[in-house]
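Residue numbering begins at 1 within each chain, and the chains themselves are lettered A, B, C and D in the order written.
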Amino acid sequence: MTRAGGLTVGVVGGTGHTGGELCRLLLGHPEVRTILPTARTEAAFALVHPNLTGSGLAFLPVERLAERAGELDVVFFCTPSGEAMRQARHYAGRGVCTIDLGADFRFADPLVYQRVYGAEHADPGLLAQARYGVTELNRDEIATARLIANPGCYANTAILALAPLLRAGLARPDVPIGIHAVNGTTGAGNTPKKAIMHAEVAGAMLSYSLEGHRHGPELEAFFTTFAGRPVEVDLDTAHGNFARGIHLRADVHLTAAHTRDELLELYTEAYGGEHFVVVNTQPKLGALNEKQYEIYPNLNHVVGSNFCHLGLDTGRGGQVARIVAVTDNLVKGAAGSAIQNMNVALGIDERTGLTAYAL
Amino acid sequence: MTRAGGLTVGVVGGTGHTGGELCRLLLGHPEVRTILPTARTEAAFALVHPNLTGSGLAFLPVERLAERAGELDVVFFCTPSGEAMRQARHYAGRGVCTIDLGADFRFADPLVYQRVYGAEHADPGLLAQARYGVTELNRDEIATARLIANPGCYANTAILALAPLLRAGLARPDVPIGIHAVNGTTGAGNTPKKAIMHAEVAGAMLSYSLEGHRHGPELEAFFTTFAGRPVEVDLDTAHGNFARGIHLRADVHLTAAHTRDELLELYTEAYGGEHFVVVNTQPKLGALNEKQYEIYPNLNHVVGSNFCHLGLDTGRGGQVARIVAVTDNLVKGAAGSAIQNMNVALGIDERTGLTAYAL
Amino acid sequence: MTRAGGLTVGVVGGTGHTGGELCRLLLGHPEVRTILPTARTEAAFALVHPNLTGSGLAFLPVERLAERAGELDVVFFCTPSGEAMRQARHYAGRGVCTIDLGADFRFADPLVYQRVYGAEHADPGLLAQARYGVTELNRDEIATARLIANPGCYANTAILALAPLLRAGLARPDVPIGIHAVNGTTGAGNTPKKAIMHAEVAGAMLSYSLEGHRHGPELEAFFTTFAGRPVEVDLDTAHGNFARGIHLRADVHLTAAHTRDELLELYTEAYGGEHFVVVNTQPKLGALNEKQYEIYPNLNHVVGSNFCHLGLDTGRGGQVARIVAVTDNLVKGAAGSAIQNMNVALGIDERTGLTAYAL
Amino acid sequence: MTRAGGLTVGVVGGTGHTGGELCRLLLGHPEVRTILPTARTEAAFALVHPNLTGSGLAFLPVERLAERAGELDVVFFCTPSGEAMRQARHYAGRGVCTIDLGADFRFADPLVYQRVYGAEHADPGLLAQARYGVTELNRDEIATARLIANPGCYANTAILALAPLLRAGLARPDVPIGIHAVNGTTGAGNTPKKAIMHAEVAGAMLSYSLEGHRHGPELEAFFTTFAGRPVEVDLDTAHGNFARGIHLRADVHLTAAHTRDELLELYTEAYGGEHFVVVNTQPKLGALNEKQYEIYPNLNHVVGSNFCHLGLDTGRGGQVARIVAVTDNLVKGAAGSAIQNMNVALGIDERTGLTAYAL
């Protein structure tokens, strides 16, 4: 499916954390020959992404990339909301596999987009073509898609954490699902602000967007379709005292009591064939309430990789499922899953270029 | 009310984080003359608590302290569950103001204690005398108590965060209150374990006790009495990448929609006269979903102090209140509130010895 | 020596980390009645220093403070270099005890100031009155001074670390003293810059000023006088992954071999009467090269306090002394030692207002 | 040079940080077919290295590996000092490329080993065959070696930082080179100890081995041969508040004054052909002493990769060179350089399996 000699890939918006991470991963992708990141700045690539010094990459203006659309196999958008919707048709219309890491194509309904993002959608006609890219759940649709809406970092993590329970109909519909997620400070962007200076966050954490993080409606839209009924979530977001990764926990009130083992079985079945989703099945030992940190996943075991590690327990005599999920917000939460989707869409082995384990 | 020449205070269990913190604060208390911390170890005090080098404190065996019960004005227990219940009568029976920082006297019903802590209560007859020590809510009872059950660190923080809403009857009874709290690693004790080594936690966080942290039933017992109806909480606990402090958030579904300003008014009224509870009333500016970290409290602004900072917002058109509370787990969450209770019980100005602001 | 009813204290430049810390400490000083911090901004004090919410402090314009010079007992300057030299005469000339936490009066020779700071000194005539404020070494001079140059944070820490060796003439004059110090990111100021954002520093550290930190010449000027011979230092500075504190180590090549115990004796004699300098004299145990972290001081044991903890060992068969010193850069390195100097200059017990131990 | 179908590689001592990291990197090495890590424990591999869950690796007892020596192409030792010297002959004698990541073969002279490590060398006869594996400097020797002594993490980093200056004869022989290095806490091993618990290190750093870290003599032995004259170093070691990476700085007093540009030219020439050594040549801007963090390397830009980033400046009018070097202590400082050496010894492209950039 790929052109002889390897793929040519554009990265619109190559200066941010996500764009840099995408370039990093594409540099290690054996099928990718040419990477074309764009920037508004004239800054040298290695000054913006010093970790990629020696890679030989260089920025080009976004207009130059647009002129070369015919050369591209794939284009990624790592742009603020509102950009991709204006440029996507230019690429997707030429058959370029177009993957938006932003929010422009995540909602089927342009009015929902408008409500959540506060601006009218610029190209609602494209929405019908877009496929929502949680690879593990939408693989078949992604395989034939030419316009892919990569999910938000919190959304992707939460969806993997909750899908087996919702698919099995185990969650009580009358109790909202509580999701509390802590993200690294790379999730706050790289524009200097007082609140995200080191001395402010070191030794602490930062709650934000309590009025409602935009990934909340994204989750509800997805789950409502997925579960076939309205699903309500309380999504709590914060930045932790670390640069990368999402540590997420969800409380799901169940329609009937279940044991930890029963839920673990549900999850291992759901993800048994998935390379990138690992369920921690360590048995619980010791006395009541003895702390056993190892039965839950640890962010350090996924940061830098495309893995999502899951663990769980039950509370209130099995009436509540408590799920923990960890991912790297810039990999599985963004650039990694985008490449995973690219691989699927191009008919390449899904794991290609994503083989790295966490440090 | 205090003896001429200052107070003599015992600290049973002086080797842990809480016992050390209590000594630190008592050293700065102008009414305290003598501090007698106990230890099972023969180790020098300054080796166990190097930050208190120069204080001149020394450990004595717990048996020696028991012999000197008649000299004491106050005794604090910083012991694992099960110790205080065996020794408290010895002191309280002599009129010594007895304050347990552990869980032994937090439940009025010994069967609830047994269910939550997995062991029979050794002195159920004392429970009727014990008063639960959330100073801001129980000040009058504490003033006359001789046996005080200091609340758990999560419980104290969550109670201050939620009491105004529950007192006003604004919380929907049919939706559990989701509470997600991140605590410093001092909350994990000082016994070396692999999971809490630096390299394991640095850059990450640790979920624990998902089957149900014991402060959950403590909260439910308190709130059920306080609100006059059953209150259910989902308490999620984790250790963050910092040594001290609790960053806690709660989601409360409301019986009717309220604005942020209405809730802020409720909170400022509730805590207007309280020295140690500060409500962040900064107005929200900017566009929809613009991040404004400063309207929520930051752990760095309370660590080292006895303050609890509160902030809040509303979601879903005002149907959900989202509260953020930060405290120092070893001060307001333990040793500081214990001294605050001591002050009240002895008729001293409540703020005495607790005047330090956060760094 | 103090006015009836307590001291009135001005803080010129109250918005930075040092100014805020000075206010924090002055709020706990029992002899201080009125604190007058200045600011160029109209911002509310509690928004700039949220940790001091509830203190009731408010900024006034620097011009208003100048008009009220006659009311002041003490004025502190927490201003960038170049400010204090222009305003100090206004206060010192009226007999106000004037303490500059900046560098304007640290060099007796205005040409050295000009060389190091790149600007001409605006009031060289005042330099002769200024006393350099390392309290432990210059107490008598400070007691009668009305203009005190508070040492730089690195300088104060390094001076305490090295003074006993230099006074005893044990350091080889032909080998520069290597000093490597890591400071918290509060030392980098509170102006947002990309390099000191959280995601840049978390998990790393930042070297800076390799061409020569300005505290290097300050150290050399002090030590050359103190030791009565030219002293050369290589001062290496960096910001570590923490907000507060200096962890400093120095290598001193000795004129003759000495044992660790001999040097510990030298240090304990030198600082035996000092409240704020603690020498870690724990014996070395175990086999050759066995790691024994506890014999060296830990920053966590001083942060928040005015203490300097010292530890040491010898290398190369006793031919090199290796000293470790830790202080809180904003307390002993700035605001705390400034208050210590104020106490001495006003004839108050030196420890007043500085009794807090580290957390 | 490799066997048809890929390499079979043994990892003696697969449970520690270094052994785990070696397995991680070997899993991504395209020429490696079989990885055989040994352990004394019966623990499942994924429980010891949860980041490698899904890799399919399993421990075998070291005796089983010894029996299979004939199958191996390469064996790595990630064992405490004293192990490799007893087992290496078994493998090297069969022609297996044998790479010790410990210290057993780093000193040509067994008496130096004995002095530094406090134990007699068990197989001094092998020392003559061993080659010291700083690939960038000893590539030719390594290409034909069958026993490779991989350098210590500090040593490798310091050698890359200093070699150009020493080779050019620019360092004054009468002044020791001051080297101060901060390492992640993974460098402290994974045995739980109080000093390296999270709450002890968070917000601080830990000095250790002030009597002389063993990599100091290793450096001196190497440099004395390399420079053709005695070289003395003061090596200061500490653990920082991060899990991985070495941030190292060196002060070198020069025989004559040089500009920063001259030294940068020396370094870029020295490392111009090296893939894994990057020299930061950003120009200095701004005023005297203006902080410009970006001209020095940042640990975050190398962690997870095999790169060493170098930066430098001059002090005292060009008379002192100040070098900063950053590496990942477990990659370039251990497992990565070991694989780089393996590649060279087996005639594979040196970069194979080491293409990852830092996160």
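One rule holds in what follows: contacts are C-beta pairs under 8 Å (C-beta built on N, C-alpha and C of every residue); 3 or more make two chains touch, one makes a residue touch a chain.
Note that the coordinates shown come from a computational prediction; the quantities given were computed from them, not determined experimentally.
Of all chains, the one whose CA centroid is most distant from that of chain A is C.
Chain A and chain C have CA centres that are 47 Å apart. Inter-chain centre distance (chain A to chain B, centres taken as mean C-alpha positions): 37 Å.
Residue positions 188, 196, 200, 202-203, 241-244, 294, 298, 300, 303 of chain C are each in touch with at least two other chains.
Taken as a graph of touching chains, this assembly is fully connected, with contact between every pair of chains. Chain C meets chain B in the complex at residues 21, 24, 27-28, 47, 50-55, 202-203, 243-244, 275, 278, 280, 282, 294, 297-298, 300-305, 307, 309, 330, 355-359.
Touching chain B in their complex are the following residues of chain D: 17, 184-186, 188, 190, 192-194, 196-203, 239, 241-243. Contacts from chain D toward chain C in the complex involve residues 117-118, 174-176, 178, 180, 182, 188, 195-196, 200, 202-214, 234, 236, 238, 240-245, 247, 249, 251, 253, 284, 287-289, 291-294, 296, 298-300, 303, 311-316, 320, 322, 324.
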